[in-house]
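You will see two complexes here that share chain A, one where it goes with chain B and one where it goes with chain C.
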Partner chain A sequence: MLVRILFAAVAAFPIVFMLVSSLKPDTQIFGDMSSVAAFLPVGNISFDNYAAVFDRVPAARFLVNSIGISAVTVVLGIFINSLCAFALSRMEVRGKRVVFTVILATLIVPFQTLALPLVWWVNQLPYFELNGFSLEISKGWLDTYQVQIIPFIANAFSIYLFHQYFESIPKELDEAARIDGAGWFKIYRQVVMPLAGPATATVAILTFLPAWNSYLWPLMVVQSEELRPVMIGIQYFFQLNVSWGEVMAYASLITVPVVVLFIAFQRSFINSIASSGVKG
Partner chain B sequence: MTTTPLDTRPRPAAAPTPAPLPSAPRHRRAGFLREQISGWGMIAPAAVLLLLFVFLPAILGFGLAFTNARLISPRPVEFVGTDNFARLFADPTFWRALLNVTYFAVVVVPVQSALALAMALLINKKFRGVNFFRTVYFLPVVTSMVVVSLLWLFMYRKDGLINELLSTFSFGLIQGADWLNDPATAMPAIIALSIWQAAGFHMIIWLAGLQSISGELYEAAQLDGASRWHQFRYVTWPGLKHTRSLVLVTITIQALGLFDQVSVMTQGGPLDSTTTIIYEAVRSGFKQQETSYASAISLVFFVLVLLISAVQRYLTREKD
Partner chain C sequence: MNKRFTRILATSITAAALIGSLGACGKGSASATSEGSNEITLWTHNAGNPEELAAIKGVVDSYNKSSDAKAKIKVQAFPQDSYNDSVVSAAAAGKLPCIVDIDGPNVPNWAWAKYLTPLKLTTDLSAHLPSTVATWEGETYAVGHYDVALAMLARASDLKAAGVRVATVKQPWTKDEFQDALTKLKALDKWDYPLDMGTAGNGEWLPYGYSPLLQSFGADLINRDGFQTAEGVLNGDKAVEWAQWFRGLAEQGFMATKSGKDSTQDFLNNKSGLLYTGSWAADKARAALGDDLVVMPTVDLGNGPKIGGASWQWGVTEGCANTDAAMDYLSYSLKPENLAAVAKATGTIPATDEAAALIPAFAEGGANRIFMDFSRQYAVMRPETPAYPFIATEYGKAVQDVLAGADPQTALDKAVKAIDANIKSNGGYKN
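And now, the complex of A and B:
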């Protein structure tokens, strides 16, 4: 038990330090550093740093952007990847083995190697915009919301997780539904998906985390301030005099929502990974 | 008025069917064609997106590496053969980056897998508070690498928390270094925080492997009077065979792709002691807009990852 607590202390101390420091003025952060007070919300505690964060950075805008981008990516990702996995797992589609193998092959391509050609490529893509009643077509997706969303919807690992989970649901259920006259989409929507809760939770978390945490990609493709996600906001704190209390406040502000969300989904997430056979 | 809208929605399966195939004698089952059409309709959205945003850029990157393409350039794109690679292999910064990444991987891969396995073993069995420990061990993983880097940037200062802790626990004997500004300590400092952040993720993969080992094996081992070490050595370790290669491959790929930490904390410095392959690719592709040169670096990186994964697969293959 002692070892468990030791590991927990090592895992938690920087995060506790961050949260506690976000409530203190800079002089006190440095003053408390040499004692246990560094990890305790004592002394001159206030939310002043948080107020200052909103003055320095359009934090509300960044939060709204990141929430929107992550939510759309997660929802579309769950729908499209589960639909694909459903057909690959439960339908007799010709050629599905080849398709599944090719999809899994994309797992060995690290995103960092794709990022730069992808920047060039999205800059060539057509961009459709409804302006009043006329449809305007322009070139290049750089500096938009969709460039932060669409490339990340389809995901081989999500398809794999759904596929593994769907394999464990008895196929007799489909047969029964088909005898009742249900079409394939109805079986997907009303028979299989309602049973796939743990897989959906896992995919939701594993899609949400990189979407919320994305840094390299928006750095490369987003210029306008009003389109930026939360991680880019960090740069704002190092332009002029650095206030570490404010940095810690902003870091806490963009971390706490994720932690809360994770704790809410935690049980089904860890249990589902642990039982979904991510065994390679 | 509370009928579900789904019941009235036309099913994709009911889409107008094209002329039936000339003959499909082997498939007498009713609805074969319908199944093909709906099936492909369901696969298509994900398949098209993967094609557009994974396969095409991968092939494109391969091609661009042999041209002089720039992100924004009035000049037409020209084929330049292996010029980019010649320049790359003559660049000392690239070799330094390769060395740094190797250093990082050689330390991170064994240490992180071992710590992650230790954590998984600690929380494998059910006990009071197991969910608390699972959550805490996983907390660093849900914290973004960018935030983690920022936080540790602060803690690694000469007057920062790490040095204060070191000084307190050693009763003033250890005088901490200026971690990130010293070429000798910058990489070890980045290694420590990287392991701290990512070990929890691999703990989950180990945990999945541990949960798949049948409890009966442990019972049998206990009946035979096996010690805890022997149980680990002869039941747990062989049972984790598949998990081992998965953990090995994922940690290695993650280690070779080192970028976020370097970008936030050191920008490759001091004296190139922390620069990495991906950092160099992003620096040339993004800051200098040399798409083709960056693609060449990416291609070299991809081949490297592929080679190492293949070697690992070969070494961990099942020997019958």
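And now, the complex of A and C:
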């Protein structure tokens, strides 16, 4: 029990420090650093840092952007990747092992090596815009929301997770459904997906986290402030004189949605990891 | 369960529709190369710095309202730490705006990479601090509203208690005096380390902060005659002497090999007695310490005190569709009142004496006037070569290696080898 408490404390200390420091002025944060007071809401406590955050950064706008971008990426990611995994798991198609291997092979290519070519590529894509009743076509997706979403919907690791989970669902269920006249999509929709709750929850979290934490890509493709996600906002605080209280306040603000999501999906997430043997 | 899946499917379709609608309302403003001739975009690094951003916007607003404006200027601000990455990505996509700000030492690299076009301004730049004008291959590519200067901050009361004289522009500390001052300050036993050199810093701080010390020893980052090799300059006797001295400050217990994350705050919290920093920290320190604060020049380590020249500057991009308007705006922004407004908002050194006269702190006798003296007398430009970003990175690594205990000669040889190889592989960075 003592060991558990110790491990829990070690894991919780950084978050406690962040929350507590977000309530203190800079001088006190550094003054308290050498004692246990660093982890306690004592001394000159206020919400001034939070007020200052909203003065320095359009934090509400960034939060709304990130929630929208992450939510759309997660929902479409679950749909597209599960469909792909279903096809690879259930359909008898020649060469599907090769396709699956190629998909998995993309996992070894770090995103950083693809980033610059991808910038060039998305800059060549057509962009459709409704202007009144006329449809206008222009070139280039830079500085848009969709450039922050669409490249990250298809994900090899999500496909792998769904695939492994689908493999554990007995194929006899499909056959029974086929006897009842169900087509592939109906089997996917009414038989397989309803049983894949834990995998869906895991993919949701594993898609949400990188979407929420996305930094390099929006840095490269987004120029307008009104389209930026939350992680870019943290850089607003690193000026020549850094205000650490404000940094902690902003970090607290952008951590809350992640913690809430994890708590909401905690049980399914752990179940999925336990059943698939995959470490998240 | 079926209902649950139907919900997921419905949500997916909604999400797809949402992307479409986001697309409809979520298209940011176009960059200069694609915009009409009546509006041009200006990129600046100071998102998150409300004072400087407001000052820049003030200059832009007054230009936009003037009857002579040749175009409307639109400001887009980026966070400083990630600004260069945004510019490089935009350049790769051919989406640079018309006007960009640039950290001074990077100007030759951006000019060499054809991001920037030579300036053709109506302003006479001869009255500007030399460190605010960036030239390469005989052309001026950027000009700054201000500069910053390295300095040493201390409490007068501590120096008095230790029996150490205050260094001045006329009589800066020599190497021996510095050693003596540190020994006496350490003897006060007030701090774990009497000196804070900002050794936790990274990025551009490493070459900006420490290459002037190297230069004061008589060494340099590269042989400036042609900028083709660092051999014998960055790894010669003087450079090794500098590295040994620098490492010695830590070995003698005068400074930490890794200081606190915020050296200014540590100094104000009395965790150090002597702070090696820049002019940007002075106003904050003066507000906290009042008259007890003393601002001193950096140490003369043999070849006079040195500080790094050049801060953020403005340039016009090569692909700008309305170069005439961009140049017109830049000329307008260099009026004394505009220079003064920006320098006042940022606490930096205004680029001209005329502008300085408009700011009490920088006018003759003002509290910050000393920084103008530092800048005029001690500034050494970081090497004006496109290789600078690479040199800066390699030098930064060498500094960190030396602080971590590496053999100085080996660490500097390694940096020289990498720098020379980089210059060679880029064909000497010829224009």
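Operating definition for what follows: the second predicted complex is superposed on the first by the 259 of 280 C-alpha atoms of A that agree within 3 Å, B and C clash if a C-alpha of one lies under 4 Å from a C-alpha of the other, contacts with A are read in each partner's own complex, and residues count from 1 in each chain.
Here is the rule we go by: a contact is a pair of C-beta atoms (placed from the backbone, for glycine too) under 8 Å apart; a residue touches a chain by one contact, two chains touch by 3 or more.
Source: prediction; values computed, not measured.
Superposition of the two complexes onto chain A shows a clash between chain B and chain C.
Of the two partner chains placed around the shared chain by superposition, neither chain B nor chain C is touched by A:23.
Using the contact criterion defined above for the overlaid structures, shared-chain residue A:204 touches neither chain B nor chain C, since it reaches no partner. Shared-chain residue A:244: touches chain B and chain C both. Contact with neither chain B nor chain C is seen for A:161 once the two complexes are overlaid on the shared chain.
By the document's definition of touching, both partners, chain B and chain C, reach A:119.
Of the two partner chains placed by the overlay, only chain B lies in contact with A:84; chain C stays clear of it. By the touch criterion defined above, A:219 lies against chain B and chain C together after alignment on the C-alpha atoms of chain A. When both complexes are overlaid on chain A, the residue A:184 reaches chain B alone and has no touch with chain C. Chain A has more of its residues touched by B than by the other of chain B and chain C. In the overlay built on the shared chain, the residue A:253 is in contact with neither chain B nor chain C. The clashing stretch of chain C relative to chain B, chosen from 5-13, 41-49, 149-157 or 257-265, is 257-265 in the chain A superposition.
Where the contact sets of chain A with chain B and with chain C meet, they give residues 30, 116, 119-120, 123, 150, 189-190, 216, 219-220, 244.
For chain A in complex with chain B, the touching residues are 3-4, 7-8, 10-12, 14-15, 17-18, 30, 33-34, 38, 80-81, 83-84, 86-88, 91-94, 96, 99, 103, 106, 108-110, 112-121, 123, 150-154, 156, 159, 183-186, 188-190, 209, 212-213, 215-216, 219-220, 231, 234, 244, 247-248, 251, 254-255, 258-259, 262-263, 266-267, 270, 273-280. Within the complex formed with chain A, the chain C residues making contact are 1-2, 4-6, 8-9, 11-12, 14-16, 18-19, 22-24, 26-31, 43, 47-50, 76-82, 85-86, 89-90, 92-95, 260-262, 264-266, 268-269, 271, 278, 280-281, 284. Residue ranges on chain A touching chain C, taken from their complex, read 26-27, 30-31, 55-57, 68, 71-72, 75-76, 78-79, 116, 119-120, 123, 127-130, 140, 142-146, 149-150, 189-190, 193-195, 200, 216, 219-227, 232-233, 235-242, 244. Every residue of chain B that touches chain A in the complex is listed here, in rising order: 6, 11-14, 32, 35-36, 38-40, 42-43, 45-50, 52-58, 60-61, 64, 69, 71, 118-119, 122-123, 131, 133-148, 150-152, 154-155, 159-161, 164, 167-168, 196, 200, 204-205, 207-209, 211-212, 242-243, 245-246, 249, 253, 256-257, 259-260, 263-264, 278, 281-282, 285-286, 291, 294-295, 298-299, 301-302, 305-306, 309.
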